[in-house]
Structure formats: structure tokens, C-alpha cells
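Take a look at this one; I'll ask things after.
Chains: A, B, C and D, in written order; residue numbering restarts at 1 for each.
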């Protein structure tokens, strides 16, 4: 599959069908992947497909000028579709190299399982529904559901629906909905006061690096509201109150665009459980408006649209 | 340089007692985890489990010298007139336990900036008030590259006293006068034997070789100068950067900050907080922005550390702690950039 | 510190100038009594109300926010109130999930002729806010990185 | 005739925390153009009013409390010390707030910061001032300084331009310099209007037409970045060496004292090493960083 990807990517560049190839290449640290953004047909030989390819590459589409051949997992393809809906990207300017995705391995979960840091591990190999981890010469086996990202365990579309070239056969997700929703359900079980305290405690760690916003393909504003000075909506200082306002508004802004790719939570250097916000917003959007982001490129964006009869019950 | 002949030791089991003793004089900060995020935090008086997991913190200890945010002063408006009020100091002496050599070296880099020309009272008062107890690394990360920057996992250049892990015990060496004095005042420390001194030397030697990531810093400033205008190179290097602030905000040597005001009902506060050259708004002026494009900001980050700061202060503003590599969401690796600078044309 | 019994909720109303604002006016001119707890900001349309306004009002200490616009189908700009409905629904649900009492975010459709309804809405909302109590959402100070220790 | 050392700085250090502003009061406001005003101010503290000292070219960090701080050069001359002046173009949060203030309002001032024009090296020389728009503000401090010590300097050329006649700042000064027989004053606008009878043309072009002699001369340039970028080549064409060109730069600055990081051009910080630079100092970086 990897070789076919490289061949397709090379052909796209050679035939002038795209200006850039955006894919994954091995990163500089163990088990790490890094985006490869290139115009060089030799460099496409570095492209890889593996169970660690976390990044949602759709994020780069809004800044690259020209036509782009892009490697996309299920969730990434939905982000691309969402960008098409928002007229941020023209369908004819992207060549989607779709990858049926059986789920991505969460290295934090692996580290917790083995009680070792990633650079101390020998190998992590996926074998179907199992994962085999070696460390200090010791081999341990776990069900794959124990190491996949929470959002992967709730995946609704592992195989891109929108693609130009599909690399491999459509796949079924390995899901575990109760694990995927565990944190959110736990929060919902709490009464409002402790729930609020939970969030203001979590968000007090935020250092306002904006990685959550900057890895997010749905956060494509040229200028973010946090940077507005007249009026200044919130302070640039990382106080929990301002951090919380930022997250709430960010979530409202990406409602209907967020595909639950989980990148915000993964990128966060201070482990704020951001997916417990984005996924809940995803579910609210789905429940209230029967809308799921990035499923249909011809659908109107959530917030530009309305139905005559919907979500009335709270209005007096 | 420790006093090789005069070193002490403490059994790891007795670290709690040692910290308790120090807590009588100091507010002791130790490696802690807050929802999995390692940082230096006030010791709770009992927990020494960090000895099992601690390699380095995510939040660099600079946070205790240049905090993520701080109040510079408050102001009150009364009939159109302003009264300014500075935050009071609690005068509490602090001790940071188990700071890594890279992070201690980073403070020496910050010192030069905050002592330069005009003294920064906030940083310097915190700095003067803290004792640094270093702990040499025995398990450096694969992202660490301190040995390329004239340092090592056992570098004691910028700590007050230095601990070396020699198995069941830590060897303790006084470095500064304050460190030696603390050792002299501390009861319950045993003299280290010659064999233990020798063991410590071996550990230090071995740890040096555990750092495998390398960069070539020879001539790095002039290499950067010669490719400063190479837009194609910087554009390519910057392509995958997402312009978040992780690598800079969590860098132990990055010191950029922002200043901002808040006024609520005649009561105002002037804050300062971490800022980052990765953000477009950082240099934005109303009419124009000299670093609007991403590649200019990436170039600034690299050149500041390896070209501009050394021009001003004589040393490279990076200690090789590797946080920027470990924490980057897209694995943007500064060592790869530095090792791939285009040759002079 | 005020006694709890003396406490009166502060409500911020964003009223569409074409309908609810006129409705509020009518309530006033026709001497309909309603609580003085509401402060009113006139907006060109309920669709102008950004979720940021709602959040900022709560951040500034208002105990509740009321967005009021034209009845469905009667928007001066055709669709503004439908869009507002989506936004407010999301904001309310999401903030509720985070732990904000849902009573603090309120919405109503009040036409220019419904002075009576406006008075009723403000009365009901004020009573609900009295039940919920003062907004202390943002009061707590946290210092996770120990920055208050100045040394 | 080269300017070699521009590290002149007067450091006025009040006791204590360098970040604490001094309270100052706005005494007078002059509306220069619809978007530009000059504010006259004095310190509230009388002792400070006596002791405060600065040199032409230095700047300060001005606070509107509750809004924030921004850097502006002191646009009045140290030779005229009954009050201080600074000139503000309405552009962002702080400048808008300064445009809302009235006489009697209190502001904060920290400074003076930065280096200053090297008077000792300018003495005995022909001076060519090239200014654009509000960029005349820092030059104005020096021009009055020089005129007040006229015998110490040789020829003075002032070439000043703005986008339109309505954008010309310091009309009262322009008149005074125009009347001064010892000063050669040239005013130009990018686009004239019905009442305009003067020169029309961009500052760098007019500079080339005026063609001041380079012998024993120093050119001092300040204006918007775009004007500065085109003025250096124009001066070079006339034969000025990089060491004969001085400029004063503006960047986003927060601290004013070389710490907050954002105002660098290469290794030089505009607040700490500038704002006055010779072209020789910054030519390596200016094309891409300014």
C-alpha cells in the first residue's frame, strides 16, 4: 500500500496534476510521524502509512497555494469535505489519496500500559485486533482497543467517503463506544458545580500556546477573536477564566466543522481533555440539527443554514 | 565542578527526610504531576515517588522565575487620578529540588537578558531567592542534545549543589558557596567513600554517552547569517510548522513576554505573560507586520537562539533540553534544521 | 458584602430593535410592571448576538442573559432569528455541559405589540435567576503554576 | 564624516521598579491632522519634573491605564523644557485611547529609553533631514535642538513629505523653519489638492531632485517603513555612504528595555540598541525584516 501511495504521488507530481504532495514521513523520534509537504517527486519516496499517523493534514490545505495531493484518513477526509463546504478549498484543487484507517495508536495510552516512556519502548506492532509491545526484551500483548485513541474508538467513517484514489480496501473501524465516551459520560454524571470546577481546574493549566487551534483544520480564521483588541474580548494572559472563554468560543466556532479527529487534545502539551469538549459539541450538533461535519460536500455549512422547525423548546 | 574529595551522600529512602529538613527553611519545589503534566510544584511533605518517574518536566522551571503570567502592579482610579501598587513579596526562600542541568543552564541564559541594561525586578528577585539542587540525568530522552552545546547530563555549572544517582544513593556535591553552606547545615548526610566518588564519575561518563542526538554548532552563527536571505530554504523548513507556541513557551531559554492591562470598575491590573515569536500578532503593528509570513517567524526562532543571542551575549540560547522536539505536535525538529543548513553559496 | 436576601439578579437583555425592543418600549408606555433587574442592549437583530456577547456578559458578572428577537417568520432580515436560534441553542447546551446553569441563558420571541409578553418574560426569568442564585462562575482564583509566590 | 558610535543613551533611572510608570498629566492637545495629535504633558511629581532629562531621539512607553502601553518618541526638544510632547497617530488600541483623552487626563510614562542622535558627531556637519508623515516627530526634536544651537552646525536641509496636504504634520513648525533663512525647507506631497501650490512627488524622488551635497554631510531619515526602504537607495545614489545615513525605527515594543523580544532586526533590538541606527548597522537585515 505504501509503495502504491508513493507511485501515485509521484505520478501526480510528474503529470502536473498537483503542485504539492502532503503526506506522512517518519518523524525524528521513535514511533513519531511528521507531515511531509513537498513539490519534489524524489521526496515522495519518504511517504509512509502506519498506525502512528496522527496529524490531520487537511490543516495545511488552507495555507498551500496551488493544487494539493493529500493523504487522508477517514476523519481527515471529512475535514477536507468540511473545508469544501466552507469554500475554503475547491474540490478540483485537491486530489484525495484516501486511506482506510483501522485506528491510530495513542502513545500516551501505551506509555501508561507499560509504565515506560515512548523512547524506552522496543517496538509497537499491530497484529489485527491485537497490539504487541516489546520493552526491555519483554513482549506484551493487548487488545488493540486498549491503545487506540478515544476518538478512533468512536470512529464513524474509517474509510474516506470522498476520495480520488483509495489506497486499500474499505475497512471497518475497531470501535468501543463506551471507552470512547467514558470521560464525557463521567462528566455528565456529575452535578453542574463540580463539572464547572472540573473544567476551570483543567483549563487553569492552559498556557495559551494555541496548539489546539493551530492543528485544527476547522480553525481557519485569518485572525482569531482572541487577538482582537477593539473590542478586546478576553485577555491574552493564561488565566483560567480567559482560557475557558477561549475554549468555549472556539468550540462554538468549529461546531459543525469538527469531525472528532482528536488533534486538539493530542496536541495539547498540558493534557487538557479537549476532546471531551469537542466531542460533546459534535454530539449536540448531531442531536439538535441532525448534522455531522464533513459528510456531504454539497451540504450547506451548519451555521449558515436553518430549518423552520428546530430547537425551539428553550425559547419563551 | 564539585568538590570531589568532600562529597556527601544520601540514601534514596531518606530523600523524604532530607526534603522535610530543607522545608523548614525553604519552600521546596519538587517534580510533580498535575494530570500527567510534569512540573515543579510545592512538595506535599511526603511524596517522593517522583524518583521513579522523573526524567524532566514538561513545564520548564523557568515558570518559577518568569511565570506564565504575573501581576506587575495594580492601579486604582480615584477621581481621575491613579495610584499604583506593587505586589508584595512574601520573602519566602525557595529551593528547587532535582532541577536538570539543561534547565539550570537555561536560567543563566535568562539572567543575561534580565540583568542587561535595565534590571528586571520581577525575575531577579525570584532568582535571588532560590537555591537550585541539580540532579544529573541517567536516562536522557532521545530528544536530548545537551552534549552538543558544551554541556552534559551531569553539568553542574549553574546549580548550587549537585546530586548524582549512584544506585541506592545520591552523591551530593556542593557547587556554590550557598550550596556548600546548605550541605554543611544539613544533618544526616554521610561522607561519600572513594569508591562512591569513583562510581559517580562513571555514572557521569556513561550518561554523557547516552545522549545520542547531535548538532554541529561550529560556525553555526555565520552559517545562519549566510542563509538568512535564503527564502526557499526557510519556506521549505517552515512548511509543516503550525505556528503554535509550544516550542517557545515551553522552552527554558525563551523569555519573550507580553504586557497587558485590565480595568474592571476602577480597579486595574497590569499583567505580563509569556509570548511567542511563533505568533503572527507578536510583531504586528497597525499598518504592517515584519513577520507576517510563517517562514520569517521560524527563521527568527532559530536565528535568535543560534545567531542573534550569541552575537549579543556570547553563548547559544539553547541548552539542548529537547522539549521543543518532544512536545511539537508535528515533530518540527530544530536539530534537523540546524544540521541541514545550506552550505555557503 | 451584601446579605444574600438583599441580592437582586442582574439580567442583560439583547433586544432586537424591530420587535423585542419595541415590545419593551410598549411595556413601559403601557405601564406594564416588570422587574428592574434587566439592562437592555439594543441590537439590530437577534442574529447579531454573538455567543461571545453571552459569555462575556457572564464573565462580567451578569447573572443571566436574555436574547429576544422576532417570532419565527417575522425577522426584518428574513432569517436572522433562525440563525440566532441555532447559535443560542448550541451555546446554551454546551455551557450547560460545562456546568453553567441553563437558567442563565434565556431566549424569547417578543413582537413589537407584545408588551405584556415582554413583562412576563422578564418577570419569569428574574424569578428563575433568583432561584439559581448569584453568578459566581468566574470568581475563583487559581494558581496552578505557583505564580503568586513571589519570593 | 562617518557616524561610528551611536550608543549614546541617557539613562534616567528613578528608584525602584523600572516597569512602574510615572504619572503624567496632559496639558495641551494639538490636532495635527484628522488622525494625528500631539500631546503636551508634564509629570505630576514636581521633583521628577525638575530632574527628568532626555535627549533627542529617545522614546518612552506611554500608558493609558486599563488599555495598555505603547512606545512613542519624545517629539519635543530637550532645549525647550517647560513641558514634554509626543505625537500619536490613531491606529490601534492604545493610540485610539490616547485620541479619546482630554486635557487634564492622567497617563503613565516610563523612560526615556533607547539611544539618541549623536549630537557630538553631528556638530560641524551639514545635516539633511528626510521625513515622511508622522515620521517628522523624532526628527523635530533634533531639528529644534540643532536650531537652538545653530552656530554649532553647518547647512540644514529639511525634506518633508506626506500623502496629501491634509496629512502634513507640525504645520506651525514647518512655517517656522520655512521662515528661517538658515534652513532650506522643502515640502512635498504625494498627491496635491485644489489649494496646493507646492511641490508634488514622493519623498525619495524629491530628495534626488534636491540632491543635497554629500560632503561633510549626514542624512537623518524617518518615516513609514516603505519610505525608509526607498530613501536609503536614493541617498546611496547621491553618494551618501551607509555610515552617513541615520534613521530612527519603529517596531512593536512592549517593554522598551530589550527584554520582551519582539523589536529585533537581526541581533539589534530597536528599543535597546536603537531606535537610532546607521544604515551600515542594519543593512544586512533591513530588506527582509523591516
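Methods note: a residue touches a chain if its C-beta (ideal position, glycine included) is under 8 Å from a C-beta of that chain, and two chains touch if they have at least 3 such contacts.
Everything numeric in this text was worked out from a predicted model, so none of it was measured.
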item: Number of hops, chain C to chain D, where each hop joins two touching chains; value: 2
item: Set of chains adjacent to chain A and to chain B; value: C, D
item: Between A-D and B-D, the pair with more C-beta contacts; value: B-D
item: Mean-CA-position distance for chain D and chain B (Å); value: 39
item: Gap in Å, rounded to a whole number, between the CA centres of chain C and chain B; value: 46
item: Rounded Å distance, chain A centre to chain C centre (Cα mean); value: 34
item: Multi-partner residues of chain B (each touching 2 or more other chains); value: 34, 59, 68-69, 122, 258, 260, 262, 275
item: Per-residue multi-chain contacts in chain D, two or more chains; value: 92
item: Sites on chain A at which at least two other chains make contact; value: 205
item: Pairwise chain contacts under the document criterion; value: A-B, A-C, A-D, B-C, B-D
item: Interfacial residue positions of chain B with respect to chain C in the complex; value: 27, 29, 34, 39, 41-42, 59, 63-64, 67-70, 87-94, 122, 125-126, 129-130, 264
item: Parts of chain A lying in touch with chain D, wherever the complex brings them together; value: 229-230, 232
item: Of chain A, residues touching chain C in the complex; value: 187-188, 192-201, 204-205, 225, 233-234, 240-241, 244-245, 248-249, 251-252, 255, 277, 280-281, 284-285, 288-289, 302-304, 306, 308, 310-312, 314-316
item: Residue ranges of chain C in contact with chain B within the complex; value: 60, 144-147, 149-151
item: Interface residues, chain A side, partner chain B - complex; value: 27-30, 32-37, 55, 59-60, 63, 108, 117, 119-120, 202, 205, 207-211, 213-215, 227, 235-239, 263, 266-267, 269-271
